[in-house]
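Presented sequentially are two complexes of subunit A, the first with subunit B as partner and the second with subunit C.
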Partner chain A sequence: MSSESSAAELQIFDFVSDGRSVRLRLDEGLYPLDAIRGAAYLFLDRCFVRLERLEDRLVDVTLKSKGPTDDEALGALAGEFCNALLDQAVRVQVAASSGKIREYIMARAFFSAPAQSSIDQLLAELDAEELAADDLEIQVPWEQGGA
Partner chain B sequence: MIQSRSLQLRPHRVAADQLGVFRWGRLGDRVVLTNDAGEWQLLSAADFATFLAGELGPEHPAFEALRSRGFLRQDLDAEDLARKLRRKRRYLGAGPHLIVLITTLRCNQSCAYCHASRTDMHRTDTDMSLETAKLAVDHAMRSPSPYLCFEYQGGEPTVNMEVIKFCVEYSREKNRHEKKTLDHSVVTNMTYMTEENARWLVDNGVLVCTSLDGPPEVHDHNRAWSGKGAAAFETVTRWMDWFNQAYIDKGLDPALWHVDALMTTTRRSMENGKAIVDLYVQRGIRNVHLRPLNPFGFATKTWRAIGYSMEEWLAFYEEMLDYIIELNLQGVQIMEGTAATFLKKLLTPDDPNFVDIRSPVGSGTGQICYGFDGSIFPSDEGRMVHGMGDPIFRLGHLRDTSFEEATRHPTVRAIATASLLDALPQCESCWNAPFCGVRPLHNYMMSGDLFGQRPLTPKCKQHMSMVSMLLERLANDTDGRVEAIFRRWTMDRPRSPDANA
Partner chain C sequence: MSDSLRTHAVDLHGSFYDAAGVAAAVEAYAELARITVQPTGAGLRVELVVLDDEVDDLMDHFLNHALHASVSLQRRQADGVAG
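Right after this comes the complex of A and B.
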């Protein structure tokens, strides 16, 4: 089972390999199920993946390699999976923290859009702002200037 | 033998309450951050760790960019991000603007990669009738989109020129009341062209796009034609010259009015990449669009002869991209088409609304396709699947299916759902989501599943690799010359649409 010494310190992942696959036992208290699923999904091209809940909050992940199955390859597979899991856990954490803001932005973008005339006005303003300076002569047609 | 082992890994320290809304991914030794508004920022791996920990302060050179682009919670301007997002997704709800009409399936060429889209020249039963053409124009002009591009395809569409002429004239007549902006474009192999038809296309402002796969040894190899004593390459280039001169004679700006060309990459093309680009430069074509084959519908033997893996194609693409950039640095004016599409997403506040690379994909919501017999499809790809004997994407028939019924069809909804990146596994957290698009019909043909599985999808690898290449070249651009070239590729100078309406 995985354990965590502290939030930013080394985390230990135990895994078992049987010459064909590797198996990790993960605690949902440390790694949300969304993060486990997210990491597992990334390995679909290289492995057959099996997720199994053994008991409450305990998930077994089995990665059966579609490629090399020597010790080194299976060890690398386990390592890459654990890295992906940590990465996915951060994504879940950031998404949870910023989810309300994202929902607000989406709502403002799509459910409280101003009238079309205002959009046109806005676009014209943005164009004017963004295209005013043209030090690189981006707006000069090819046939009228150098590359 | 069963072995137990342990790994020790150090997780990121995360100050989530100090971070904005963003996605990220690794590009070599850098990390790219992106958000829904299409903003992006590159950081070193060490700086990214500092950023995640909430310890990247105002003294850091990237701080202001991270703050102003909404990657930090500090001063986060949600209204500004919403405005940018709305602009990026302006196509939502706009309705189909690309109207593909299959005037006939008959074709006088037998191209190596054309597999479900053609019949032999005697098959007049695969011509669209005028009655069907009228129904198609009436149907298409129900689209709420203020801009429509009628694209005539086949087979070889000019084999049924009568239908093209009718659609152009009838749509313009209807448009006196509809007041839309209309474009008409014919995608022709040029080998069936006559001076009478060519003159009509020029006089009526119909845009012309052809296939030019490369120099004779490539083009004639890919596009078999038993023509009237001439090889396909010679005929195509002769007609390209004819059209381009006709535009000049008509007083039209040759920079805007010229024959556009598309190429399809086969194994033979990959052996002649630079020669293909050089040919486009030599002929004054400013946009070479390097496209991989759609790897479905081929007999195994054919695929073995002309096909390749996505990895092989990406290696070819990268070499060609660098060659094209090098030519630009020497003052030659040529761009790569798909790179330009991605660069518009990366470097401008807009989205080019390219129907194949957007979220959701344009099938049924950005484009619609009418088969020769009046069948309605969400896209030309759907029509091709139908041609291969699978009717799953047929939305109905012009006789009995209204525009509203077709574009709100459960199949269209399913395709939209299967291509909404915000809701797809892996895509929803992928750094490339603001710039990418998935192809449910492609997934269906590859795996029998509209959704597919991203790690097994060549398009995922293709799009992510292509955008990575562009970002890497921008990151390594110490003097700004590459960025200037890339920004030039994003500039559109539209022809006045419907000039002859």
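Right after this comes the complex of A and C.
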């Protein structure tokens, strides 16, 4: 997939087009790897996506149309990819920041002793009510049987 | 091998394309191309000889398949670790 262009240098969210594909250069310091992968994944059904690592933290994303296209459509594609990239970056950030809380809630739900004791307490209350009912010595129909 | 067969080569970085994802793509496209995969320092080098000249953009299709399989696998592994 070639992306020859006369553009001398790329900037973040600028893109170059060769008439069939657009190429964006992303700084992994701004957009986490998971966000780049996630956005690329979302575009696999719309276009050909290729990810290349240029340097330690620089990633080239090439989006190539699957059919005839023009510069306007390619520009729109690049813009939509940037929006998806931002969306994915936020998702990654939220997932990271709330990860500890999720783990805590899960751990408390499954392993917390107070939850078990509250269930035991409810069962004990039910038992106590049944015992109290027995104290009245009122015979209930289902206990009469055929006698 | 016919001279008309088109050959493409591409280097895939391991941070995007993992070996299992590329292997899945190789299996899927085995009937349309002769594909060889060799490890490099940072990932994999894929050489693809197109067997059917009527199929366009075969390398692009292959790369989409490899990326989809790689991301899916990475997500399943992440879910497995989380779960």
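Heads up, the rule we're going with is that the second predicted complex is superposed on the first by the 93 of 147 C-alpha atoms of A that agree within 3 Å, B and C clash if a C-alpha of one lies under 4 Å from a C-alpha of the other, contacts with A are read in each partner's own complex, and residues count from 1 in each chain.
Throughout what follows, a residue touches a chain if its C-beta (ideal position, glycine included) is under 8 Å from a C-beta of that chain, and two chains touch if they have at least 3 such contacts.
A quick note: this is a predicted structure, and the numbers were derived from the prediction, not measured.
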Partner chain(s) touched by A:Ile105 [first = subunit B, second = subunit C, both, neither]: first
Partner chain in contact with A:Tyr41 - subunit B first, subunit C second, else both or neither: both
Touching partner for A:Leu33 - first (subunit B), second (subunit C), both, neither: second
Contact breadth on subunit A, by residue count: subunit C or subunit B: B
Partner chain(s) touched by A:Gly79 [first = subunit B, second = subunit C, both, neither]: first
First, second, both or neither for A:Leu51, with subunit B first and subunit C second: second
Partner chain(s) touched by A:Ala96 [first = subunit B, second = subunit C, both, neither]: first
Shared subunit A contacts, counted only where both subunit B and subunit C touch the same residue: 37-38, 41, 44
Residues of subunit A that touch subunit B when the two form their complex: 7-19, 37-38, 41-46, 71, 75, 78-79, 82-83, 86, 88-91, 93-98, 101-102, 104-106, 108-110, 113, 119, 122-123, 126, 130, 136-139, 141-143, 146-147
Complex interface listing, subunit A residues touching subunit C: 1, 33, 37-38, 40-41, 44, 48-53, 64, 66
List of subunit B residues in touch with subunit A within their complex: 1-14, 16-17, 19-23, 36, 52, 73, 76, 78-79, 81-83, 85-87, 89-90, 92, 255, 286, 328-329, 331-333, 348-349, 425-426, 429, 453-456, 480, 483-485, 487-488, 490-491, 493
Subunit C residues touching subunit A - in the complex, by the definition given at the top: 13, 15-17, 42, 57, 59-61, 63-64, 67-68, 71, 74
